[in-house]
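What follows is a set of structures for review.
In the two assemblies presented below, chain A is common to both, partnered first by chain B and then by chain C.
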Partner chain A sequence: MVMNTDTAQKFVSFEALPAFLAKLAAGATLYAPRRENKAVVYRPWQAGDKVELSLRPTESCKHVVFPRSEELFSFDMGGDPEKPGKAGLTLQEASEPGPAVVFAALSCDARGFLAFDPVYDGCGTGGKAKDTYYLKRREKTTLIVRTCKSSLNTCFCTWVGGSPASSEGADALLTEINGGYLLEAVTDKGASLLASLPAASDEQSAASRAAREQAVQSAPQPPQDMIKAPAALGALFDSAAFWEKQSAHCIYCGACTYLCPTCYCFNITDESNGLKGLRMRSWDNCMSPLFTLETSGHNPRQEKANRLKNRVGHKFSYYPKIHSGRFSCCGCGRCIKSCPSSVDIRKIVLDAIKEAANV
Partner chain B sequence: MSEQSGATPQRPAFTPGLSNPYLPMPAKVIEVITETPTIKTFRVVLQDEKLMKEFSFEPGQVGQLSMFGSGESTFVINSPPTRMEYLQFSVMRAGENTTALHSLEAGDIVGVRAPLGNYFPYDSMKGKDIVFIGGGIGMAPLRTLLLFMLDNRKDYGKISLLYGARSPQDMAFGAELPDWIARPDLDCVLTIDREAEGWPHRVGLIPNVLLEMNPSPKNCIAITCGPPIMIKFTLQALEKLKFSPEQIVTTLEKRMKCGIGICGRCNIGDKYVCVDGPVFTLAQLKEMPNEL
Partner chain C sequence: MSIQDDIKAAIAKALQDIPCVIGWGAGPEPLRATPLFMRNAADVENFTAGFLAVNNPALYLPSCKGVKTALVVKGCDARSVGQLVAENLVKRDELYLIGYPCSGVIDVDKVAARLEGKCEPGEVTRLREENEDVILDTPGGEVRLAKKDIAADKCARCRYPNAESADVFIGEKRAPVVDQDEYADLADFEKLSLEERKAFWEKELSRCIRCYACRNACPLCVCRDHCVASSREPHWLTQADGVRDKLFFQLIHATHLAGRCTGCGECERACPVGIPVLTLKRAFSRQVEDMFGYMAGIDVNTTPPLLTFRLEEPEIKEREW
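Showing the complex of A and B:
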C-alpha cells in the first residue's frame, strides 16, 4: 500500500476509534454525540461510551463554547461586618475554561460559530469590549467536523453558503470510508490532535474525496434569489398582515432559539444566597415577550408577529447588513424539525422575497 | 468628534475600565438625594482611586448600576464630564433592581459599568442656539449636556430649557432649579400638567408650552428626552415649529443587559441602542424601522 505523502491526512479504523477517542479525552474534555432516549446530544465522552454517528444530532455543539448557563463572576457583600450587604464587596471572576474537543460536529454547526465570532469579538464597540468568556472557550475548543451523511428534508445549509462537506469553521474533517474514518487537519489546532495517527493511504484519501463529493452532490440546490432576502425583509417591516400570517401558528415556545446554532442572545441574572452569589449569563429566547419587556410595562415587541419578524429579520436582514451579507443562519433545519407548530423559516424567507417583489 | 457632520451622533470610542467588560467597578455612594417620591439621585466615586482619576466619558453616555443579588440596570451619567468629583445617577423606582437601588445609603457600595453607548454630538452644536425639552426623569440625560454647555458657555448661543413634570412634587433636581431660573445665560421654563397651589411657573403639557415658547429653528438644535407619549407630541410640535429632523436630537432607552452590543435585545433593526445609541437624531430614527 502506497502511503499518502500529504501528512495532514490520517486514518482511524473502526476498531481503533475508541483508543483514539481515549487519547483525545486524556488532554481535553471530549464531547461526542450519543443517544439519550430519543435525542442525540453532545456530552462529555468517557471510555466505553458509544458514539452515535449515524443519526443526526438533535442539538448542536453550541453549548461547548457557549454554555446554557455560566458564571460571569461571584460576589460577596459580607466583607464589612459593620454593614453586611451594604459595603465590603469582593468580586471574583469565574475560573478559566479548560481545553475541549468536539468529535463529529456537523458542518452546519461549525459554521454556526462563525455567526457568533464577530459579535463576541466586540464589533459593536469597534473591538474594544470583547466577550472574553466566549473567546477563551472558542480558542480552547477544537472542532472535528464530520462529512455529513445525515441530512434530512429540513436541511438547507446550501441556501446559506454551507455544504455537507464544508470545512469552514472546522479544525479537522472526519469522513467515513471503507473500514474506518479519514481525518484531515484544517488548522494547526486540528493537526496537533491528529499527529499520533497513521497516515492515510492514497486509496483512502481518494475514497474520502469521493465520499465528500457524493455528500455535496446529494445536497439540495439553493434557491436563486437568497441574496434578495435582506432587502425583502426590510421592505416588509411594516407589513403587519404578512407577519401575522407567518406567525399564526407560532406558540413562542422558543424551541427554535434554544436549538439554533447561531442564536447568541443571552440574559444576565444574579443568583444569591444571603450575602454571596453569582452573576450568571444564560441563553435567552427572543420569542418570549419578556425578552424586551421594560420595567415601565412598555414592550417594543409585545406581539408574537413582531418577535418572529425580529428573529427572521435578524438572521436574514439585520445581521447580513452589518456582516458583509453573511446570514446568521447555518441551515441546520433544527428550528423546522423541532417546531411543534410547523413554522418553517425557509418558507418565511421565500414568501418574503416573493411578496416584496410584488410590492 | 472631529469627523462628525451635522448633529449626527456616531458610535463612540469605547474605553473600558477593565479588560472584562462584564465586571463592574465597585463604587462608594457618597450622597443620596431624594428628588421626588419615586426618584433618588446617587453620587458615587469609584473605589479604585486610580480608576476614578482616569475615568472619562462624554455627555449622554450611560452606565449600568449593579445591586449584587438583584441585578443591573442602565442609567445615564447625569453629572457632566466637566465636574468629576463624583458620577451622578438618578433612579426612578419602578422594578426589582431600582427598588433595591433605592435602599442605598451614603457609604454603601454599588457596582458600576461605564461609560457605555454614544453621546450628544456637542462639538457640532457649537455656535448654535440650543433648546432642551425634558419631561419627568427624561431630564436626567439633558442635565448632563446642559451643565456641560453651561460650563463651556461661550461655545454656544442662546440656551433654553423647558422642563416639565406631572406635578411640583414630581420635579427632579429641585435644589438646582432656583439657580437655573436665576441664571441670565439660561432661559429656563418650568411647567406642570395641572394647576397646583403655590406653583409660580407655567401650567400645561410640554408640547403646548413649547409651541407657546415658539423657539426659532434658525441655527438651533433641539434636544429632547422624556416618556414616549411626551416625545411623540414634542417631535410633532418641533416639526410644526419647522425644526428639520437633523436639528432634533433625542436619547432612547430599551431593556438592556450587556450594554456592549452582544446580548441582542435592544436592537431596532440592525441598530443597537446600547452601542449605536442611546443618542439619535430624528433623521436617524426616520431611517430605522418603526419599532420604538
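Showing the complex of A and C:
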C-alpha cells in the first residue's frame, strides 16, 4: 500500500535519533547495524548502542525474517526410554514470533526479500503450500531502508533492477541530510512508526530528494545485455570447461550464500537429547557438497564446478525464468566483497553471456 | 626487467611442461587480487605478484593430486606446501615451486581502519605501489599509506620471506623480518583471566555465520568434504545457532592443526565477520614449538611430532610427575 509520500515526510535530528530508536525498540525488537571488531552486523538495539552508518553492513538483515536456525516445534517421545515404541509422543508448536523493526537496512537488502516472498508464499502450488514460519515473521517485520550515499566497487544493484535509493520492499526510507535524517513512509506499516516525529520542512524534503538523486547518479551503469543472462546460462549448462574455469579459485565455503540477501535454502534436522528435542530449520548452502548428497551416497553435484554453476544459474537463469524475469540477486555485492578468493559473480554472468554468443 | 616480468618468464617456461601454474591476478577491486590459474600465455599476462598476492595457493594442491602443478609462492605459502609434503599429502615431485622474495602482503581491514572517516575500502578506485608506500585514489583524493602500517600481522613476524624450498627463485633473497616469533599477541591475550577469555570467545563467536570459510581457506584442512562439522551420521554438531557448537568446531579445528598449522593466517583473513580464529591455532603452535622443538612446514624430512610416537619425549617429564 503506497502512500502519498509528500504528506508523510518526517525529520529526526542526529541528537534526537537515540530517543526515536528507543521508541521503536519499545514496541518491537529493533535491529540496527552495529560495529563488532572488523564486521558490521545487525543486532538487537539497546539504549546506548551506536548505530553504524559509515560502513556498509557485512551481513544482510535477512536473519531477522529468516533466522539462521529456528525451532519448528519441539517433541517429547515420552514414556519409557526402554520401550520408545510404546511412548506417547507429544509435540509443542514453536512460540509465535514478535514484531521486529530493522533500522537502516540497505535498499538492496529490502529488495532481497522480494526474491524470497513468492517461494515461501506457495508459488508453484497455486498458493497452497505456504510457509507460515517465514510469512509470519515477514508480516511482523518493518523495514526502514537507508539511501546509500555512494556505491562500492562491488555494488551492482542497478544491474538487477535496483537502485541505491530504491523504495521497493521498504516500509520507510531514511536519507541523511544536513543535521539529521529525513524519514518518509512507503507503507502504512512504515507510516505508523513515524507518526510521532515532526514533519520535515520543504527545505529538508528538497535536500532528501537531492541526496537520493545524487545516489542514483553515482550508481554503476548496468551492462546492456543482462536480459540475455537466463538464456546464456541455460546454453552453457553442459559446458564443463566453462564452469571448471570459472570455479577454479572458488573454495566452496558458504560465505557468499550466508551473506546473500536472496539465498533462501534451508535444511531440517532433529536436534534431540535423549527422548526430547527440537525439529529445527537452519540455513543451508548449495556450495557445500553435503547440500545434494543423496541417501544412497550418490552426489549429483560432487564437483565444485557443478555447485557454482547451480548457484549462478539459480540466481540468473532458473529463478528469473519462472518469476517474470526477476533475478534472485539484489546486487548487494557481498558475495564478491567477502569472498576469500575474490570470486566475482558479475564476471561469471558477463563471461557466460559472451561465451554463449559464440556457441 | 622487473621481478614481476622475471616471474612471468619463469611461469611461461614452466608452462612448457606443466599444464597449470597457480599464482595471482587482478581481483574484483583495486585492493584485492584473486588466485589465478594460468594455462597459456594470455593467462600469464594477467599475473601479478607483490603486495596484493594475499591468497595462499597451497590451498589448491590436494585437489591437484596426480597432476603436475606449479605454484608461485611466498615464503609462508612455501611452508604450507612443505607441511603438505612432510605429511605425504602431496608429492614433492608433482610440484614445481617458483619463489620470490616477499616483502609483505596487504590486510584490507587495516586499510579500512586507516580510511576511517574518509571512505570505505570498497570506494578506493586505484592502488599504486611506490617503494615502501601505497597510494590510494579515494573519492576525497589521494591517500598515501606506508605498507608496513597496512600489512598483515603475520608479515611483522615473518621469519621465512624467501620460499627456501623453491625450484627456481626469482630476485634477491630478503633478510627475515624477525629471528624469533615471540608470540607477543598471545602474551597480550593471556593477560585476560580465564573468565574474560571465555567471554571474549563467546562474544566473537556469536557473530559466526558458520560458513566455514576458515576451514575451506586452510591449506592444511585436508578432510575437506568429510569434516566433523558437516557429518550427518554421527550428527556431532547441532544446527542450533549457538556459541557452544561454534566454539566446539573452532576447538576441533585448532586441535587438528596442532603442529601442522604454519600460521599463514588464511583462516582469519577468510572470516567474513572478522573473528580472530588464528589466535587459537597460534596457541597450539607455540605449545608444539616449546614441547617438541618443531615448527610446521620447515623441514619436509621430519615427521610432525603429533603424527609419530617416541617412547620418551625429552620435554615431557612423565616420570617426574
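Note that in this section the second predicted complex is superposed on the first by the 342 of 359 C-alpha atoms of A that agree within 3 Å, B and C clash if a C-alpha of one lies under 4 Å from a C-alpha of the other, contacts with A are read in each partner's own complex, and residues count from 1 in each chain.
The criterion applied here is as follows: a residue touches a chain if its C-beta (ideal position, glycine included) is under 8 Å from a C-beta of that chain, and two chains touch if they have at least 3 such contacts.
The model shown is predicted, which means the values in this text are computed figures rather than measured ones.
Identify whether chain B and chain C fit side by side or clash on chain A in the overlaid structures.
Chain B/chain C on chain A - fit side by side.
For A:Pro18, is the partner it touches chain B (first), chain C (second), both, or none of the two (neither)?
After superposing on A, A:Pro18 lies clear of both chain B and chain C.
If we overlay the two complexes on their shared chain A, which of chain B and chain C does A:Ala129 touch? Say first, second, both or neither.
In the superposition, A:Ala129 touches chain B alone.
Can A:Gly88 be said to touch chain B (first), chain C (second), both, or neither?
First partner only.
Where does A:Pro340 make contact in the superposed view: on chain B (first), on chain C (second), on both, or on neither?
Only chain C is touched by A:Pro340; chain B is not.
For A:Leu55, decide between first (touching chain B), second (touching chain C), both and neither.
Once the two structures are laid over each other on A, A:Leu55 reaches chain C alone.
Between chain B (first) and chain C (second), which does A:Val41 come into contact with in this model arrangement: first, second, both, or neither?
second
With the two complexes superposed on chain A, say which partner A:His249 touches: chain B (first), chain C (second), both, or neither.
second
Look at A:Asn267 in the shared chain and tell me whether it touches chain B only, chain C only, both, or neither; answer first, second, both or neither.
Touch partners of A:Asn267: chain B and chain C.
How many Å separate the nearest C-alpha atoms of chain B and chain C in the overlaid structures?
Least C-alpha distance: 6 Å.
Of the residues on chain A, which ones does chain B touch that chain C also touches?
Shared contact residues on chain A: 267, 269, 293.
Which residues of chain B touch chain A in their complex?
Touching chain A: residues 11, 13-16, 19-24, 26, 28, 68-73, 94-95, 98, 104-105, 107-109, 111, 228, 253-255, 257-258, 260-265, 267-270, 272, 274-275, 289-292 of chain B.
Where on chain C does chain A make contact in their complex?
Residues 27-30, 32-37, 55, 59-60, 109, 112, 116-117, 119-120, 122-125, 139, 203-204, 207, 209-213, 215-217, 225, 230, 232, 235, 238-241, 266, 269-270, 272-276.
Could you pull out which chain A residues touch chain B in their complex?
Contact set of chain A toward chain B: 72-73, 75, 77, 83, 86-89, 91, 93, 119-120, 122-126, 128-133, 234, 237-238, 264-270, 272, 277, 279, 281, 284, 286, 291-296, 298, 300-301, 306, 310, 313-314, 317-319, 321-322.
Spell out the part of chain A that touches chain C in their complex, as residue ranges.
Touching chain C from chain A are residues 36-39, 41, 54-56, 58-59, 67-69, 150, 152-155, 245, 248-249, 251-255, 257-259, 267, 269, 271, 278, 280, 282-283, 285, 288-290, 293, 336-338, 340-344, 346-347.
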